[in-house]
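Chain nomenclature is as follows: A, B, C and D, assigned in order of appearance, with residue numbering initiated at 1 for each chain independently.
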Amino acid sequence: MIDSNQNDNHINIYEPHEWKHSTKVAGVEWKNPVGTASGTFQYAAVRWFYDVSQLGAVSTKGCSPVPWEGNPSPRTAEGPASNLNAVGLQNPGVDHYLEDDLPKLKKAGALVVANVAGHCDDDYMQVVAKLADSDADMLEINVSCPNVTHGGMSVGTDPVALSSLMDKLRPMTDKPIIVKLTPNVTDITVPARAAVEHGADALSMINTVLGMRLNIRTGEPIIANKTGGVSGPAVLPIGIAAVYRTRTVLPDIPIIGIGGIDSGEKALEYLYAGANAVEVGAAALFDPVAPLRIARELDDLLDSRPELAAKLAAGNTWR
Amino acid sequence: MIDSNQNDNHINIYEPHEWKHSTKVAGVEWKNPVGTASGTFQYAAVRWFYDVSQLGAVSTKGCSPVPWEGNPSPRTAEGPASNLNAVGLQNPGVDHYLEDDLPKLKKAGALVVANVAGHCDDDYMQVVAKLADSDADMLEINVSCPNVTHGGMSVGTDPVALSSLMDKLRPMTDKPIIVKLTPNVTDITVPARAAVEHGADALSMINTVLGMRLNIRTGEPIIANKTGGVSGPAVLPIGIAAVYRTRTVLPDIPIIGIGGIDSGEKALEYLYAGANAVEVGAAALFDPVAPLRIARELDDLLDSRPELAAKLAAGNTWR
Amino acid sequence: MTTFTPTYDVVAEAQAAGYFPPRHSVEITGVRELTDRVMRLTFRDPFIASHAKPAQFVNLFTHDDFMLMPRPFGVSEVEGDEVSVIFAVIGHGTEQLARLEPGDTVDVLGPLGRGFNLKEDANYILVGGGLGVPPLIYAAQKLAENDASFATAVFGYRNDHFAEEYVSRYADWSWSIDDAEGNVVDLLNKLEQGDDLKAYDRKPVILSCGPLPMMKAVAAWSAERDIPAQLSMEQRMGCGYGTCVLCTVDTVDGRLKVCSGGPVFTREQLGWGE
Amino acid sequence: MTTFTPTYDVVAEAQAAGYFPPRHSVEITGVRELTDRVMRLTFRDPFIASHAKPAQFVNLFTHDDFMLMPRPFGVSEVEGDEVSVIFAVIGHGTEQLARLEPGDTVDVLGPLGRGFNLKEDANYILVGGGLGVPPLIYAAQKLAENDASFATAVFGYRNDHFAEEYVSRYADWSWSIDDAEGNVVDLLNKLEQGDDLKAYDRKPVILSCGPLPMMKAVAAWSAERDIPAQLSMEQRMGCGYGTCVLCTVDTVDGRLKVCSGGPVFTREQLGWGE
C-alpha cells in the first residue's frame, strides 16, 4: 500500500505555525497567498472553527449601501463537482458592516478585503465612500451584479460601463482597489484591461459561472431564481484559463485567482498560471476549515519551489 | 440495503429494443432523443461496440474542405469531473467524409448529422456545397472555430459575423441547418437569435467551455495548445442554463442540448429545460456504449412522462 | 480528490485548540431499513453524542465527488457515543448513504443549528409528519431525562408507522396516524376532544417538524389555542454552519438562515397562524 | 453518479451480441509493491486474458468521479484468466489505483490498440526503459510459447531492477542496467560487442518501449545496423479506442492516433533514425 495522498500527510492546522511564504498584492503583504472568497466567509460562523488571522486575507460578503434581502429560497442546487447559488447578495448593508463585521475581524487580526456590491453605479459609490475611511485593508469591487445604470447587464460584461464605473470609484479612495471579474463574458481580458486602464490596482477572478439545474421529478428549476452561479471544483479549469490569459495580456497587474480551489495543489496551479494569491470559496462550504488547510498545504508545497516563492514574496509572479 | 440506483436496473443494451419515444428536430424524426456529439464519435471505432443505427442520430467529427492536421500533442488534460481537449479539428476533409464515413454510416442505418468546421467563411461554404447533395440528414455548423474572415474570433461570439455566414450558407442547401453555439459568450441568446433570424432550422448547444490545466511539477500548461475546451459532467449546469435561457427567448426553434450528459436522467433534465433532443459527448470517451445506454435509460424514464413524450414526438418541447 | 477526511483525530485537535470540530470521518455502527426507502443510520461520534440538542442536525457527506454538498439530517437518537439519524431515500445522495454498511465510514459535521428550547417544565406536544419525525424522537429522548416535563408524541405517517418503535421508548404518550386515516391535525383534534393532550397541570408547548403545509396547519391550530409553538424548518443548504446565506426562510425579522438562526423558529418569528 | 459499472455480466452480453465488451468491472486478485512507487496489479478478466496481444493496453478507471479519464497501462502478464499490469505512481489516478486491495473492483476497457507484430520467427530484442518494461514482459511471455523465436530482454531501470523477476520467467536471455551504470544503448553496445545479441541464425528484430529520448536512441541504434524496430508509444488519451483523436503522434503519414493506429509504430513510420 502506497500512502502518498496529501490528506494522509498529517497537517495539524490548529498548531501554531510560522508562515514561510508570503505574497504581496498591490503592495499589501499577505502572510500567505490564501484568502477566503467573498460570500463563503462569515466571521460569526467561521470564528468557531479556526483563527481567521491565520489566513492570507479574508474577503467578506458583498456589501451594499443599504441592507439587501436577496433572492427567495431555495437558493442553491448541486452540480457534478459543483455548487450553484443564487443568494442575490443578501447582506445587512455597509453601516452594519462598519459597526459589526469589520471591527470584529480587525480585532481578530484578519487582513480584510471588503467586497463591494451594487445594482447601480451610485450603490458602489456610496459603499466605497464609507469604506474609504474604514479599517478595511483592500476593496474588492464585485462587478458581476446586475446593474440598472447599465440596462440590467452586469458592469463586468461591458468594458465601457466598467471603465466609467472605475472612473467614479478610483478618485474616492487611496485603498487598493481589486476588481473582481465575471467569467460570463466572451473574452475576460477585455474587461480586465478596461479595469486596469481605469485605475484598478489588482484583479480577482473568477466569480461564479452561469448555470442551472432542474428537478426531474417536477420538470422545474430547483433554484427559485431559476439560474444561479456555479462554483466549486468543476470550475477550476475555467478559472485557471482566465488567470493565465489575463496574465498574458497584463504582465504586471496583481491577480487573485479564484475558482474550484480545494487543495494546496490547486492553489499552486493558480500561482503557476500567473496569480499572486488565491481565494477559496465553495470548498469552505463543504468543510469550514478548508481555506486554512489549503494555506498550510500550499505553504509546504512552496518549500520545494524557492523561485516561485521568492517571486511572490517580492510581489511578482511566475509568468 | 436499498438498491435503487439506475445502474443496478439491468438494461441490456444489446437486446433488440423497440424505441418507445421518438423526437423531431427541424422536421427530421429521430427514433429517440439521444445522439452523439461531434468529435466524440468515429464510426470506425464505435462500430465494434454497438449498432449505431440504434441512436437517435450521430453527429460526426467536424469536417473541413481539406484535411486538417489539428494541434500538436498533448491534446488533452483532465479537470475535476471533466475533460479538456484541444484537437484543433483534425479531420481528413470533406472528400474523405463523402467517400468513406458517410456512406458507411448510412449503410449502417444511422441518421447522420454532418458537423461542419471552418477557419473562414469560404471553408464553411465549400463543405456545405459538397454536403448539400450528400446523404447527410442534417448539417450542424460548428461556429466555435477561430475564424480568419472575422479577425480570429470564432463566428459564434460575434452575432454580426454569424448572421453574415448564415446568409451565405442558407441558400446553398435545403437540408436542415443546425447551428452549434459556443458557451464562451456574454449572452448565448444573442448569437442564438442571430442564427435563427438568418435561417438556422435548429440550434445545438453547448460546445466546450474555455479552460486550462497546468502541471504543478513543471509549472507549465499540460496541453500543447495551452488552453482547451472543457467537457463532461462538470459543464452540465452551464449547458442546461444555455438551453433554458435560449428557449425563453426563442420559444419555437428546435434545440439540441449538449454538455455533461452521462445518464438518462441528465438527458431528461435537458428536455425539461426545453431541448428537443440531446447529444452525448465526453461520456462516450469514458465508456464507448454510453450514448446507447443513455438513450435506453431515457426511453424508460419517458414512460412515466407521457405529456413530455407526446410533445417531443410532435416536434414540440416542454417549455 | 477532495477527500477532506483526515485519517488522524482532527476532532481532538480542534477541541484541544478550543475550536469546534471540522468535518471529520466517523464509523458506521448500524444500518437498518425501517420501511421502504426509510433508513436508520448509526455512527460513532463522541463529540456529537455529547453535544447534540434536539432539532440540531448533522451534515453528512457522500463519498461521491459529484455530490459535494452537505446532506443535513436531524439527530434522532443518541446512545452512549453513538448517534442515529433516520432518513428517506429521495435522491442520489441519500441513495448512496443508504448503501453504507457497518464498518464503513462517512464524513460528518455537527451538531449544527439551534435546537428546541426545552428549558421550561411543560407538556411538550411533539407534532411530527413524515421525515420530520426523527428530531422529535430525540426531543422525546431528552425530555425523558427530565421528570418535570412530559412528552406527548403525535405523529403522522404516509403509510407505515416506521418510527413508533423508537419514540415509544421515550415519550410519555405516543399517538400516530397515517394518510389513509387522516392527518396530524385531525389526530390533534381527536386527542383534544378525548382530553388526551393534557398532562396533569403542565402547560402545553408544541414542538413540530414536518412538511411545510402540515407545519402551517399546526401553527394555525396552536395559535387558535394560544399554545406556544416551536417549528423546525427545512431548507436546501450550502454549508449548514452559517457562512453562505443559502438557506433562508422568510420571517417577520426578514430572511433568516435556517442553519444557524434555526432550524427551530417560533410561530411568532414565522408570522404563521396569527 | 456516473458509475458506469453494471453489476451484471455486460461482457457476456456484448460478446453474445457480437460486440466488443464495453467498460466493465473486474475484481482485483493481487497487488504487489515491486519497488518504491511501482505497483503490480492483477485482476480477473477472462476476455482480456484470452485476447490481449503484447503492447496492447487496458484503460483502468479510478473510483473517484473527479478523475473520469482513462488510465492506460500495457498488459504485462497473463496467467489463466488473470491479467497483470505494472505501473508507476505518478499522479492522483495511479495513487488511487495503488490503494486497491484484493477483492476490490476496478473498471476496465480493453484490450486496446495494435500490439507488436510477432509473426516472424526471429530473435526479438526487447529494449525497455523504466515503465516501458511491462509490455515487453508480456512480449517475452508470448514469445516463450513459440519455439522458433527467441526473446532477449535488454532493460534499463532508474535504480531498482524491479521487473527482472518477471521477465526472467520468459525471456531466453535477460540483461539489465540502471542509471548508475549507464543507459540501455550502452548496454546494447556492450552486448553486441560480447556477441550476446545473437540467437543462432535468427534475424534480430527490436521491440522497444520506454521514454521518448531512449526510444529515439534505440531507433538510431537499430537504423545504423539496419535492424527492424517496432516502437510502442505513449500519449495522453481521451478514449483509448479511437473515437476522439486526442492521442496523436507525428508520423511520416501525418498525425496518427496512438491508441488505435498504435501504440506500436515502426521506425519507418515515425521517420526516426534515418
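Just so we're on the same page, contacts are C-beta pairs under 8 Å (C-beta built on N, C-alpha and C of every residue); 3 or more make two chains touch, one makes a residue touch a chain.
By chain, UniProt protein names: A, B = Dihydroorotate dehydrogenase; C, D = Oxidoreductase FAD/NAD(P)-binding domain-containing protein.
What you see is a predicted model; the values in this text were computed from it and never measured.
Using the average of C-alpha coordinates as each chain's centre, C ends up farthest from chain B. Remark: chain A and chain D have CA centroids separated by 46 Å (rounded to whole angstrom). Put simply, the C-alpha centre of chain C and that of chain D have 56 angstrom between them.
Chain centres here are Cα means. That of chain A falls 34 Å from that of chain C.
Each of the following residues of chain A touches two or more other chains: 5, 77, 80-82, 233.
Counting partner chains per residue, chain C shows two or more touched chains at residues 1-2, 65-67. Contact topology of the protein chains: fully connected, every pair of chains touching. Considering their complex, residues 1-8, 13-14, 16-17, 19-20, 22-23, 61, 65-70, 109, 235-239, 241-250, 254-255, 260 of chain D touch chain B. If you check the complex, the residues on chain A that touch chain D are 1-2, 4-5, 80-81, 233.
Within the complex formed with chain B, the chain A residues making contact are 77, 79-82, 84, 153, 157, 184-187, 209-214, 216, 219-221, 226-228, 230, 233-238, 240-241, 244-245, 260, 265, 268-269, 272-273, 301, 308, 318.
Taken in their complex, chain B has these residues touching chain D: 5, 7-8, 10, 12-15, 39-42, 44-46, 48-50, 61, 67, 69-70, 72-78, 80-83, 85, 87, 90-91, 222, 232-233, 262-263, 282-290, 293.
Residue ranges on chain D touching chain A, taken from their complex, read 1-2, 33, 37, 39, 65-66, 89, 95, 98-99, 101.
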